Amino acid sequence: MSGNTFGNLFAVTNFGESHGPAIGCVIDGCPPGMDLSEADIQADLDRRRPGTSRHVTQRNEPDAVEILSGVYQGKTTGTPICLLIRNTDQRSKDYGNILETFRPGHADYSYLHKYGLRDPRGGGRSSARLTAPTVAAGAVAKKWLLAKFGTTFRGCMTQVGDEVIPFESWEHVPNNPFFAPVADVSKLEAYMDALRKAGDSCGARIRVTASNVPVGLGEPLYDKLDADIAFAMMGINAVKGVEIGAGFASVTQRGTTHGDSLSPEGFQSNNAGGVLGGISTGQDLEVSIAIKPTSSIITPRQSIDTSGRPAEVVTKGRHDPCVGIRATPIAEALLALVVMEHALRQRAQNADVQVSTPDIMRTRA
Amino acid sequence: MSGNTFGNLFAVTNFGESHGPAIGCVIDGCPPGMDLSEADIQADLDRRRPGTSRHVTQRNEPDAVEILSGVYQGKTTGTPICLLIRNTDQRSKDYGNILETFRPGHADYSYLHKYGLRDPRGGGRSSARLTAPTVAAGAVAKKWLLAKFGTTFRGCMTQVGDEVIPFESWEHVPNNPFFAPVADVSKLEAYMDALRKAGDSCGARIRVTASNVPVGLGEPLYDKLDADIAFAMMGINAVKGVEIGAGFASVTQRGTTHGDSLSPEGFQSNNAGGVLGGISTGQDLEVSIAIKPTSSIITPRQSIDTSGRPAEVVTKGRHDPCVGIRATPIAEALLALVVMEHALRQRAQNADVQVSTPDIMRTRA
Amino acid sequence: MSGNTFGNLFAVTNFGESHGPAIGCVIDGCPPGMDLSEADIQADLDRRRPGTSRHVTQRNEPDAVEILSGVYQGKTTGTPICLLIRNTDQRSKDYGNILETFRPGHADYSYLHKYGLRDPRGGGRSSARLTAPTVAAGAVAKKWLLAKFGTTFRGCMTQVGDEVIPFESWEHVPNNPFFAPVADVSKLEAYMDALRKAGDSCGARIRVTASNVPVGLGEPLYDKLDADIAFAMMGINAVKGVEIGAGFASVTQRGTTHGDSLSPEGFQSNNAGGVLGGISTGQDLEVSIAIKPTSSIITPRQSIDTSGRPAEVVTKGRHDPCVGIRATPIAEALLALVVMEHALRQRAQNADVQVSTPDIMRTRA
Amino acid sequence: MSGNTFGNLFAVTNFGESHGPAIGCVIDGCPPGMDLSEADIQADLDRRRPGTSRHVTQRNEPDAVEILSGVYQGKTTGTPICLLIRNTDQRSKDYGNILETFRPGHADYSYLHKYGLRDPRGGGRSSARLTAPTVAAGAVAKKWLLAKFGTTFRGCMTQVGDEVIPFESWEHVPNNPFFAPVADVSKLEAYMDALRKAGDSCGARIRVTASNVPVGLGEPLYDKLDADIAFAMMGINAVKGVEIGAGFASVTQRGTTHGDSLSPEGFQSNNAGGVLGGISTGQDLEVSIAIKPTSSIITPRQSIDTSGRPAEVVTKGRHDPCVGIRATPIAEALLALVVMEHALRQRAQNADVQVSTPDIMRTRA
C-alpha cells in the first residue's frame, strides 16, 4: 500500500524516474498459461510513445520493453512478470533554473515539501513518462480479458482546448496523432500549431470505453467499480475531472429520463455508463476525463524559489504542449487494469463469471 | 480488500443493510489518547439524518450511535472502535413488485446478477442509509485532524436540478435543509415542491473543501491524494462525476492561466484544488461532485421482471426526491477519511508532518 | 492493514475488549447463497466458552452470537456479516493493583508503552476472550469449505505441562474438557488440580489438522500457505512456537527420509505437513503449536510499578491455569480462516479449484 | 496482495526465477533522504551468495546488485527502489528427468498442480535463489533502523543435522562458512563432508536476534509482531518450525518461571523473546527456526511421473546439501523487514517512536 502499486489481485508495482537508467513495473497476479511476448505489449507502448508527431514532445524513446520474469516458453507462469524499459534519451541540461524554483502548476513544489529533496531531471518520478509501465501492464490485462470474456477497450479524444471533436467513427482513431474519431484533423493541427507558436499549452477531454464487460464486477461499498475507475483516471498525470455515463449532465436530468429503461432486448440507454450501485451491468463502460494544460511552458511565469523569494520561471526542454494528446492509450490501460482486478475478485467470490446473462436467476457455484 | 473497508491505516469497515437490525462500522487505526464520546459523532449523523424536512425521505430514524469498543474512560485506546446504529423504522411493506422487477437506474439489476440473490428491503445494502456509518467514522477523523493540524471540512450544495445556487456565505449552510450557502432558499423549496408534485426526482451538484491541510499528503503514483478523493467521492451513492480544482473547466484553460502562480505570500489562485502531482500543497482542497436523480420514483417506468419479461415499475415507499440534498455531510466525511488516511501514511514516512512550511528545506527526521 | 483484520478476500475484522459492552467481528467476503444461522456458529463458540469445567476460568459467559447483517432469509448475501457477542459477566473489581503494576509475562507492559494508556479491565483487548469472534468467523469458513470441498478441521491437545498425551482416537476429543484424544483423562485432571493448588500455571502443546484441502493453495513467495498458517498460529494468545509437518524434528532428519516419497496411490508419508514450496499438496495439513503458561497467577511475582519502582504483583480474578486447554477450537478456526482465504485467492487465479487431481495435467480455465 | 510482496508500508515486491535473465525486487516505502549505494546492499548479498565454500552449491553467481531507481545523488528519494541482480551462471542441462517427475519433498508437485505448468530450470521461482532480493531489501531496512534507532540484527547456526553447536561468541560467526558461533568448525566440516559423500542432505537450526528494538511495535490482534515474525520465517524456503523466546520449551515451563520478572533495571530474563501480547517490549527479539534437509539429492528416490506412473528420481545439478548453511543472512533480513514495517506503522500511530522508555507515562503526540 505504499502508493506505487495498482490493484491487489492483479497488482502492478511501478518504478523508475524519467531520467534514471530505467522504468518498469512488476505485475503480480497474472493468471498462468496465457501466451505472452514482448510484441503483445509493444503495440500499446508504441501508441503512447513520444516523438511520433510534431504535436508531442520530441524526446526520442523507443520504449522497448523487456520481459525479465514470469514467462516461460512463451507462456505466463503465474509468477511476477517484471517489465523493463530502458531510458535512452535523457537530456537533462535543458532544465534551466527549475531545481531552485517552482513551476506554477507543477509537482516541483509538492514533491520538495513531501520528501525534503527531489530528482529534478525531467520531473523525476512525477513525469508522465511513468505512464509507460502502466500502459505495458494494461496491455497484459487487455490480452487476458479479450481471450477470456471478449472484453475490448477503446478511447478517443473528444475535445482539445476549445476544439470540440465530433464523433464520426472509431476507425479514424488510429490514423491521426490525436486519437481523434474524425477523418480530417487539419483543424486540430492548426489549433496546436498556433498554440505552440504562442508558447502556451492547452487541456483536453478524453473518452474511454469498454465493451463485453462481465456483469457483476465491483463491490457495492466502498470498492465500487466506478469508484475504482475514478481513482484510476484521476491518478493519470494532469487529470482534473472524471465522469461515468451521463456525468455532470445528470445534475440537470430528471429521474424519469436518467434511469435507463429496460426491455427484453436490454437497456434502452446508458446514462449509467455501465455501472449501477457500483456494480457492472454488462453495458459498455463509458468514462470521460478532463486533462489540464501542461505546466511546463516557455512563457515566463511568476513564482518563487526554494528560499521563498520571487522568481521568474521559464521551462525549456522538450514537453508536450497538450498532454491529453497521448492520454488515450493511458486511459484505456487503466480502465483495463480496473476491469481485470474486479474480474479476478469476482471470480474469487463466484467461480462462474460471465459476460451475458440469458438466465438471470442461474444457480451459483 | 473485500470491498467494504475504506482506508488502510485509518480503516473503516462498514456493515449492515437498510432494513436489517443494525448498521455500523469498525474504525481500526484511530490514534490513542483522543477524547471521544457519542456526542462527538452524533452531531454529523444528525446533519445527514432522514426526516428533517419535507424535501427528504420521511423515514424516521434517530440514527443514535453507540460506541461498543475502543474507548476507555472517554479516551480512544488505539484499538478498534465499533460504532453501532440500530435501525428502528423499517417499513418494508411499501415496496410493491420490486422484488420481481428491476427499477431503471437502480442497483436491483446489478446486485441480482452479482450475487444471485438480494435483500430487497429498502434497497438492502445498496441503500444510501449505509452512508451513516461513513459519516460517523468521518466525524472521528475530523476531530483528530482538527486537534492535530487545525484541519476543517466544509461543504455546500451549488446546484439542485436546474437551479444554480450562488455562493453567498458559509454561514447560511446550517440554516436550511439544502446545505445551500444562501440566505433565501424559497426558490429551491418551490423547485423541490414542484418536482415532488410531478412524481419525479432531480440531480444536484455539491462542493466540499478542506482547509489547513498538511502539505505533502498523497503518494505520487498511483495512490495520489486526488485519486483517492475521486475514489471516495465516486463511491458515494448516485455520484456520476468528480472534479478537483478547475475540473472540467481546465479543458479550455491555457497553461498560462491554469498553473497557479506563486508569490512569497503563497499561491495566487487555486486551479489545482490543493493538489499538484498527486500531493497536497497546503492550499484548500476543492472538490465538486455531480449527483444523479434518485431512481426510486412514483412515475411508472418501463422495465423487465427477473424472468426477462416486460414489466411496468412504480416505486412506492419513502424516498428522497433528490439524494443530493443530504449528500453534503457525506462528502465532507469522505474527504476527512481521505485526508486522515494520508496524514497517518505521511507520518509513517516522515514523523514531522506539518500544515505550513515556513522553512521549506527543513531537515527531515 | 491496521492490525485487527485477518485475511483479505475473506477478511475478518475483530473488535471489542474483555469487559466492554460487546465483542464481535465483521466478515467481509463470504460468498453469497450459503445457508447460515446463529446455530452454525454457536457450536464452535460453545467449545471455546469459559466456565465449562473446573480446569478453566469460572467466568460465566454464554457467548451467544447475534448475526447483525449479511444474511437474508437464512442465506448469506455476499455482503459483510457482523457477528455480535455481548459481554455479560464483567467483574472488574478483582484486579487489585494491576493498573499500577506490570504482571510478569503479561501484555500490560507493552500495551502501556505502545499506547500511553490501557484498559486494565480483564486485560482489555489483550484478553484471550477476543479469540471468540475469531472462532465465530472460523465456523463460517468451516461451513463453506465443508460444503464446497469436503474440507474438515480437527484439533487435539498433545501435551499439558509435563504430561505428554498419546493419540488414541479423534472420537475421545469431544468427551473431555482438555480436547485430549484419550479415553481416560484422570491423569490430566490430577495434574491440573495439583497445579491449581500450587497457585501456578502451565503450558501446552496443541495439534491441528485439515483434511480434504484443495491442492494448489498458497502463493510461493512470500504469502506461502505455511507462512500464513504460522502467522495465524503465532498470533493466538500465548503461542510461542509453530511447527508444520515434521517441524523441529526435521533438523536431524536426512533428505532421504524427510522428503515424502510418492507412489501412484499418493504420498507415502507426511513430513511436509501438506505443504511443499508454500503450496498445498492435497495431503492433510499438520500443525503443532506451543502455548506458554498463563501469566496471571496468584503466586506473588517480582515486578515494577508504572513509575519504575519495585512492586510485588499478585493476580486475583478468574483465570485459566492453562490457556492451552481452550486453545484447540481457536487453532482450528484460524487454520480454517487461512485455508478459506487461500481457496478464494486460488479461485481468482484459476476458477477450477479442486481437492483431488486425477488428471494432473488438466487444462486450465 | 498477490503473494510476492512483503510488507505494506515498507513493501518489497520480489520477481524473477532461478534461471531467467534476472531476479530482483522493488522496495516501496523507504523513507527519503537516507544515503544508499550498491555497496550498502552488496555486503549482505555476499554473505548469502553461493559458491563460497565446498559446503554449499558450486553455482558461481556474483549477485551484483544494480539500483535502477529511487536513489538520486546517493540519497533515497522516497520513491520505489528497484534492485536488479542479473543471473549469470544458469546451467540447466543438469536436471535430468525432473521435468517429467516429481522430486520427493520438492515444490515440483505443488507448482504443477497450482499453475498447470512450471519452469523447471533450477526450480524456477521456488529456488532458494529468490531469497537474494529479500536479503538486498533487508540490507536497506537494516541501514535505516540502525541510523534511526540503533537497531542491530545478528544470526548464527545453532545446529546442523545431529551436531548441536554451542554458543561461544558472536565474533566467530563471520569467520566460518556455517555462520557458527564457535572458533573451531572442523567437526561441522567433517559432518558435512560425510553427508556429501553419502549423497544425502541434512537439516539445521538457526537463531536470529535483534537488539535496540523500539518498544511498542506490533498490533495486538491479529498483526502481532511475533505473528509477523513467524510469517516471515516460515516463508523462508525449507523452514518447518519457528520459535519466539522460550518457544516449545514453554510447554513444560510453569507460570512462575516463564513470566519474565521486572526490576527497576529491566527484565530479568527473556522467555518472551522480546514480545508480550504481540507488542515489542524493547528486549532483544529472539527467534529460532528449523530448516528441513534439501530435497534435491543424488540418492535415488521413489516417486511418480506427471502421468502418475512410478518413477525413480535422481537429482543431478548443483545443490546445497544443507540449505540451512546459507540461511542466517536470510533470516536476519526478514527479521529486519518485519521490524521496519512495524516501526513505520507505529510512527503512523505515534510520531514519537523510541527505543528506551525512561519515562513510561510520557505524553503522546
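When the chains are written out, they are named A, B, C and D in that same order, and each has its own residue count from 1.
Everything that follows uses one rule, which is that contacts are C-beta pairs under 8 Å (C-beta built on N, C-alpha and C of every residue); 3 or more make two chains touch, one makes a residue touch a chain.
The chain lineup, named per UniProt: A, B, C, D = Chorismate synthase.
What you are looking at is a predicted structure, and each value in this text was computed from that prediction instead of being measured.
Suppose you hop from subunit B to any chain it touches, then on again the same way; how many hops at least until you reach subunit C?
The fewest steps needed to get from subunit B to subunit C is 1.
Would you say A-C or A-D is joined by more C-beta pairs in contact?
More C-beta contacts join the chains of A-D.
At what distance in angstrom does the C-alpha mean of subunit B lie from that of subunit A?
26
Starting from the mean Cα coordinates of subunit A and subunit D, work out the distance between those two points in Å.
38
Where the centres are mean C-alpha positions, what is the separation of subunit A from subunit C, in Å?
45
Can you tell me which residues of subunit A touch two or more of the remaining chains?
In subunit A, the residues touching two or more other chains are 1-5, 8-9, 14, 29, 32-33, 78-79, 114-116, 125, 220-221, 345, 350, 364.
Show me the residue ranges of subunit A that touch subunit C in the complex, using the header's touch definition.
1, 8-9, 29, 31-33, 78-79, 220-221, 344-345, 347-353, 364
What does subunit C use to touch subunit B in their complex?
Residues in contact with subunit B: 1-5, 8-11, 13-17, 20-24, 26, 28-29, 32-33, 66, 68-70, 72, 75, 77-82, 114-119, 124-125.
What residues of subunit B sit close enough to touch subunit A in their complex?
Going by the criterion above, the answer is residues 1-6, 8, 14, 102-116, 125-126, 130, 159, 161-162, 195, 200-205, 215-224, 226-235, 237, 240-256, 258-264, 268, 271-273, 275-282, 290-295, 297, 299, 301-304, 306-310, 345-346, 350, 357, 360-364.
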